[in-house]
Amino acid sequence: MSNPFFKNHGPYKISKIIKSLNLNIDNSYNEKKVHDIKDLVSSTKNDITFLHSKKYKDIAKKTKASFCLTTNALKTELPESCIALVVENVLVSTSTITSMFYPDSINDNFDETVLSIDDTHFKDKVSFGKNVLIGSNVSIGSNCKIGHNTIIEKNVVIGDNCLIGSNNIIRNTLIKNYVRILDNCTIGKHGFGFFPIKNKNFRYPHIGIVLIEDNCEIGCGATIDRGSMSNTIIGKNTYLDNQIHIAHNVKIGENSIIAGQVGIAGSSIIGNNVKIGGQAGISGHLKIGNNVEIGGGSGVIRDIPENTKVMGYPAKNIREFLRDNK
Amino acid sequence: MSNPFFKNHGPYKISKIIKSLNLNIDNSYNEKKVHDIKDLVSSTKNDITFLHSKKYKDIAKKTKASFCLTTNALKTELPESCIALVVENVLVSTSTITSMFYPDSINDNFDETVLSIDDTHFKDKVSFGKNVLIGSNVSIGSNCKIGHNTIIEKNVVIGDNCLIGSNNIIRNTLIKNYVRILDNCTIGKHGFGFFPIKNKNFRYPHIGIVLIEDNCEIGCGATIDRGSMSNTIIGKNTYLDNQIHIAHNVKIGENSIIAGQVGIAGSSIIGNNVKIGGQAGISGHLKIGNNVEIGGGSGVIRDIPENTKVMGYPAKNIREFLRDNK
Amino acid sequence: MSNPFFKNHGPYKISKIIKSLNLNIDNSYNEKKVHDIKDLVSSTKNDITFLHSKKYKDIAKKTKASFCLTTNALKTELPESCIALVVENVLVSTSTITSMFYPDSINDNFDETVLSIDDTHFKDKVSFGKNVLIGSNVSIGSNCKIGHNTIIEKNVVIGDNCLIGSNNIIRNTLIKNYVRILDNCTIGKHGFGFFPIKNKNFRYPHIGIVLIEDNCEIGCGATIDRGSMSNTIIGKNTYLDNQIHIAHNVKIGENSIIAGQVGIAGSSIIGNNVKIGGQAGISGHLKIGNNVEIGGGSGVIRDIPENTKVMGYPAKNIREFLRDNK
């Protein structure tokens, strides 16, 4: 799938990519064109990918990418069809190249393309409040409502029968049908991802989007960041209460219920039919199975297998928690 | 007291109620009219009420309601004057009938009735900022200020000498005198209450309001949800710091002080002179006595008797907490 | 340094100050003029200061203030050059006198001085969105952007190359260069500081500001309160994620990284290169050293020495935490 919102400014000759990384590589494929940058799994021929950790060596072996940014130690994990470009810091180099392909994904300034909805063709199609603004590259289905002062910034697709409240800011987001977004939410901004280098923070590009599936409800004051190299996803019929923070690349399954003030850190994956109590926090890069119940106030710092009830900080089996805390 | 904000569309014949629940009851009181739906205590003659848990059997015995939605097991707890309507799921049936009486309590879409305050009679009475919107059925006392971009949606009563900041959204709320609401608050939306049924969430109506008593201060970014069958109440001279979440049906007493990022889950009752430290969370349906002090970061999962200091997760006596954590 | 934003309405004769505190002091210095009220360290000759706790007796001995509000027990800690004014409640008296010198620091109502940016000289200098409002006493450097619906209230200085997003409210704040403020933030309001006296809360004045140094990023939904007698400071190149609450007088060092939903209570001092995980909370009046790492969800209730990793509630050494929670 090509990126729905960020324009790919490639292809680029590999020589240009090598040069932009300040690499000293003498080679015979200088004229070869690279079409896109993707992760190990999604890459196809003529793409460039990246491998920065042993953890991914098994999927690295199967990548179809033609080039891969990696380290000297990891380069042997790649298939013969994939040429390793050895760099000092894989993630920083990946950011540099991603920014080259998708320069628009860096800039998260306020959207200068917006118009008052009264000056767009949506004025006859959508039921809307006062002071609603609409950016470029927006589509809105039938029977939708958009509340006062809400800003639908560029790169937003809204399906049918959606109810968007007031004071929201939405960009780089795909909203399916029958979704309800209450008030004061900020959805689709870049995540809190950057490399601290010599007293500067070098922010990496976020080319992912936020995807909100059918029938979801997003409570007041939510912040849902878009993904960096993949998407942030809220599954069908999942309901979020007020003041929830969903970081970049998080994926939440279907029919889940998440109570107020919960925070889910970057890249964690939450299953279907999961219930999370108020103020619980989930660390980054974790996997929470289907049908898990997490008690209010819990701090989850390890994966949770499916069909489990946990509570505590750190979260443990709820029976254990209650026994230890009689 | 009749509902101050939601119009009662009744009375309805009991036969119509029975039909809307798909019940097969042959009876002799089909023509009897039902005037309102209320809880066991508030109901009077000709009202319908509901009983879904043994917990309430003592108050059930004294209800003055003429009809009661309940289960086969619980119907014997009702007085002779009250006719039991046995249903499969009491709370779902209660929602259905409540929606029949109060159809306007279901819809929490943005308020389409609002006008710019410049186009209302408030323009000569209230000191107001730019882009202030006022809905229908709003009254505002003397000597009030309303800040920029604030939306006073329908069904709001504001007393005298109140200071409302900027970017707030308020509906279904009764604000007494000398109340200060800072910025970015969302007050009076429905709570996070619904029944998950077959991959859909069936939201129950919220016919309660938010009641904010004299001299309260509500900090920036608060979300205060209105009640479902009762009201959400903030008692006299209670102060809330920034980023606080108060769920539906919560009742907070007088002279309480609640620090930043606290969350109080649905239906909990907090006493007078209670101090709650930052980021503490209180589970739903709890009772916190007068003069209780709850340390910052605590997770309260049980009732707390009055005059107690607690801390920890789960919260326990503070001396015990400090001894266990030297 | 004189106060950058709040006008000093002094000097006042000491007799007027004594009278406003209802003190019965017969003295020979009635005509003496007091120029300002400051803390023990910052005070110079002809200022009034305050001493309310033994904790500060060492610095009290060196104060250059001519007068000091204090208690009978503490008055002997002052140097001969400083005349003690013995009062019942030092902090309440300090508030009273501060309000006398800085009456504008009490009022945090919405800013009635704002104009649409289109009606100011900034319209040719700043890149701005729809519905931007600018208060009095604002300066903005070159190459700045200000997003939709943002309100720059009175007393704000913004440096060069700053990116301010949408829906923000900022007042009493000094922003240096290359600062990014995302969306929905409320910055520079007074803190949650007051004295509960007989069922009323007597709010003390906040004459401090918020100071945001070069290269900082402030995430969506932040609340950063200005200081009471000192400033709230975010050091160079410090990044804050979404939904963070920073209370009054907090000082954060350089190059620190603070994840989502963290809360820092009043007057705590955070060092340089500190990393704080999501949802962690830090109690008031603590000192967190340089290079400290605080795990997500932690509750910090004691000072943390530099170069330490902590986690837990209460936070302890991370090795200990992980060992105790295997």
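In order of appearance the chains are A, B and C, and numbering begins at 1 in each one.
Criterion: contacts are C-beta pairs under 8 Å (C-beta built on N, C-alpha and C of every residue); 3 or more make two chains touch, one makes a residue touch a chain.
The model shown is predicted, which means the values in this text are computed figures rather than measured ones.
For the pair chain A and chain B, chains touching both partners: C. Because chain B and chain C carry the same sequence, their contact can be compared by residue number, and under half of the numbers here are used by both.
Chain B and chain C, compared by their mean Cα positions, are separated by 35 Å.
Each of residues 131, 149, 167, 184, 221, 243, 261, 279, 313 in chain C touches at least two other chains. In the complex of the two chains, the chain B residues touching chain C come out as 127, 129-131, 145-149, 163, 165-167, 182-184, 215, 217, 219-221, 236-237, 239, 241-243, 254-255, 257, 259-261, 277-279, 295-297, 312-313, 325.
Across the complex, chain C is touched by residues 108-112, 114, 116, 131, 133, 149, 151, 167, 169, 184, 186, 189, 192, 194, 196, 199-201, 221, 223, 225, 243, 245, 247, 261, 263, 265, 279, 281, 283, 299, 301, 313-314 of chain A.
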